[in-house]
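Before anything else, here is the set of structures, which you'll find just below.
Each of the next two complexes has subunit A plus one other chain: subunit B in the first, subunit C in the second.
Take a look at the complex of A and B:
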């Protein structure tokens, strides 16, 4: 479904990604792991069009989408939930969600869709009129994911959804991610929390300073000694 | 009861009712002469500055873009009105619309500049444009008549001349009414939400498929249109347009109106315009303080500092939040306060 071919990207002279090759098949959950500054977010930015790669190509369902404007890429069905819960703080929960459906032309059934979304996120349903900025961290993350779902993505890319959340909430978030996936949305998940990410994912890639150093089946990676040592902590 | 509820659930009614009351008062004034003619002139200023503040608020409050050169658009609108009505004798409506549309084209150009510059740099660049434009207006003699300024006469609609200030107040109030309702619908539409999304988080907005290119241009174009229209009202009201009016002080006054009244709020825009027109006048009549030269600049600056320090949401929103919302909640036992725009 998604294919990155020899992607290299730069911020000025800083080389953020070098010759990344990556594939996501339809229906999969794929995790992208790595230390701070490894280039995980940059990879997602390249896919969603926020960062133009210097070399290489991105293919989505056999279309070359390299260098397209972000809004066109959204039309292709790729939705990126940026890191740091970038919800719109001054807008209400409902308005935030409406923005999610911004690109969807037929506005007839968006109310149904809202109800649908609130089923996933009951906590948000009681807070429809509350300003996004006044939600708790966990609620904001839920809102960010919910907003992404409003766009009816085929590929949903989440950047560190568990960042800064209590373990119980993290569990909820991962449950929701699994549920979304089971309803047919393909998922590319960036995470620091490698344990959790490898548990939900089918496959995973591990980035180190802009290069992919390991890749494979999530289960295999979870039991790989080198990976364990570097990313999962010795207590695993 | 049902009446209050309607109000609380849909702020739209608040604006319709507020506008209608305003128009009715002005209409009664027309019949009975309620206000002193000095007050009528001040009210006209409040009306056209309200249009300015609403336009500027779309840019700053809703879209999160700064401009310190918007006085140029107002001046341009005013000169266009004088030029069109003096040379082509067009009526009020086509003149005021052209005086909005032509600055709007220049608004788009400024928007293109804004695509390359952000925040502080944008503020500096637009301030530069604002300072330069004063000279342009001075030198562009065939259009502006240079230092002598241009005169024009009061507008006419279908042969009816609005010669009397009271008549003109009614006319401009109706324009403000239309502007308010249009703006209310705009900010609650998809476009309005996209503007706010761009302000809150450019990256997230882009990731949701919102084109920053498109909405920056829309924000600058719309605000230039509003400010141009206000300039047209200014020209008709004062019947004289002079180049020194359109300097940086006016642009800073626009900023002050929006900050003092309330960012991202229509009611706040009108409040801010009222504040900037009335407060200096009231103070001028005071003994001692009123004699200080440039007292209005000092007052505006002081008011901005106080508002930012003590009620950063602006006077209007603060009042709404402190008194009006609690009133609704108490009266109706609502646990869900209705939001303002």
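Take a look at the complex of A and C:
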């Protein structure tokens, strides 16, 4: 469904990604793991059009989408939920959800989707008229995911959805991610919480300073001694 | 009777105030969506008014039965194209520059627009007709139907604008772009189109304000100086982060301006209006309805 071919990207002169090759198949959950600055977020930015790669190509369902404007890539069915939640703080919960439905505004009334969304996120339904900025961190993350779902994405990319959240909420978020996937949405997940990410994922790629150093089945990676040592830490 | 004179001044203040409000809304709309303080809003409105005036004169000379309507429609069409071109040629290419850089661009636009208006239309002052001519007497009060037209038009434009911003998908897209354009893009919002659209709307609102004030100021290259300055005061007074603020600010400035001019002195008018602004800013640094700006990410 998604294919990155030899992607290299730079921030000015700083090499963020070198020759990344990556594939996501329809219906999968794929995790991108690695330390801070390894290039996980940059990879998502290249896919969603925020960062133009210097070399290589991105294909989505056999269409070349390299270098397209982000809003055009959204039209193709890829939704990128950026790091740090980034909901619109001065918009209400409902308005945040409404703007999420921008992609499908011509075919669907955004209100018709709310019930379905609130099934995933019951906590949000009590807060419809509240400003996004007044929500707790966990609720904001839920809103960010909910806003992304409003667009009916085929591929949902989440950047560190667990960042800065309490363990119980992290568990909830991962449960929701699994549920979204089980209803047919393909997921590309960037995480620092490697334990969790490997548990939900089918496959994973591990990045180090802009290069893919390991890839494979999530289960195999989780039991790989080298990977364990480097990424799963002492908690395992 | 004193109260009638008072009322007449208040009414006149509402009339000019609603024009300040229109112009101020244009400035705030652009500021919020593209982070640009458009100092050239007044000069752009002046230019549009000159074009409108020219259409009015030509269509009247050509024997067209409704030259004012032709001029009004011409004003809308011209200002829409004008706003679109200014955004495309001057604003979009400089959108990555610093806030100061963007300010210099719009300050430069003042010179360019004013200079070309002088070169194209000359420096003479021209009479412009009111939308509705004549006046009505209520006791000692003299009220022009034109004033009702101005106030009514301003109210209609503001209601349409507020409805759009508050309730339509495009309005939410405008507010989302204003808050965080990068994330708005990630939601599929064509932020460049949104920005272009706000420039078009703001320029149209400026042109309407210019056309409505023209009968009082005449049409000349300096016609918008005062209304432009007052619209900025209105925007600052009401708060740059709010859409309702500039409207209230505009009306307050309009009324205050008129009352001070009549009861105290026209010489001190501007000084007192400024003093009022400064006092408000001491107590409400972000304006009456402004919120402390949140950092854009």
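General remarks:
We adopt the following convention: the second predicted complex is superposed on the first by the 230 of 236 C-alpha atoms of A that agree within 3 Å, B and C clash if a C-alpha of one lies under 4 Å from a C-alpha of the other, contacts with A are read in each partner's own complex, and residues count from 1 in each chain.
Just so we're on the same page, contacts are C-beta pairs under 8 Å (C-beta built on N, C-alpha and C of every residue); 3 or more make two chains touch, one makes a residue touch a chain.
All figures in this text were calculated on a predicted structure; none of them were measured in a lab.
Subunit B and subunit C, once both complexes are superposed via subunit A, clash. In the superposition on chain A, no contact is made by A:154 with either subunit B or subunit C. In the superposition on chain A, A:98 makes contact with both subunit B and subunit C. By the touch criterion defined above, A:172 reaches neither subunit B nor subunit C.
Touch criterion not met for A:224: it reaches neither subunit B nor subunit C. Contacts of A:48 after superposition on the shared chain: both subunit B and subunit C are touched. Residue contacts after overlaying the shared chain place A:89 against subunit B and subunit C alike.
In the superposition on chain A, A:57 makes contact with neither subunit B nor subunit C. Touching of subunit A by both subunit B and subunit C, each in its own complex, is seen for residues 48, 50, 69-71, 74-75, 79-82, 86, 88-91, 95, 98-100, 102-103, 147, 151. Interface residues of subunit A, counted against subunit B in their complex, comprise 48, 50, 69-71, 74-75, 79-82, 86-92, 95, 98-100, 102-103, 129, 144, 147, 151. Considering their complex, residues 190, 193-194, 196-197, 199-201, 203-211, 264, 336, 338-339 of subunit B touch subunit A. Those residues of subunit C whose C-beta lies close enough to touch subunit A in the complex are 169, 172-173, 175-176, 179-180, 182-191, 291, 294, 297. Note for the complex: subunit A touches subunit C at residues 48-50, 69-71, 74-75, 79-82, 84, 86, 88-91, 95, 98-103, 105, 110, 133, 147, 151.
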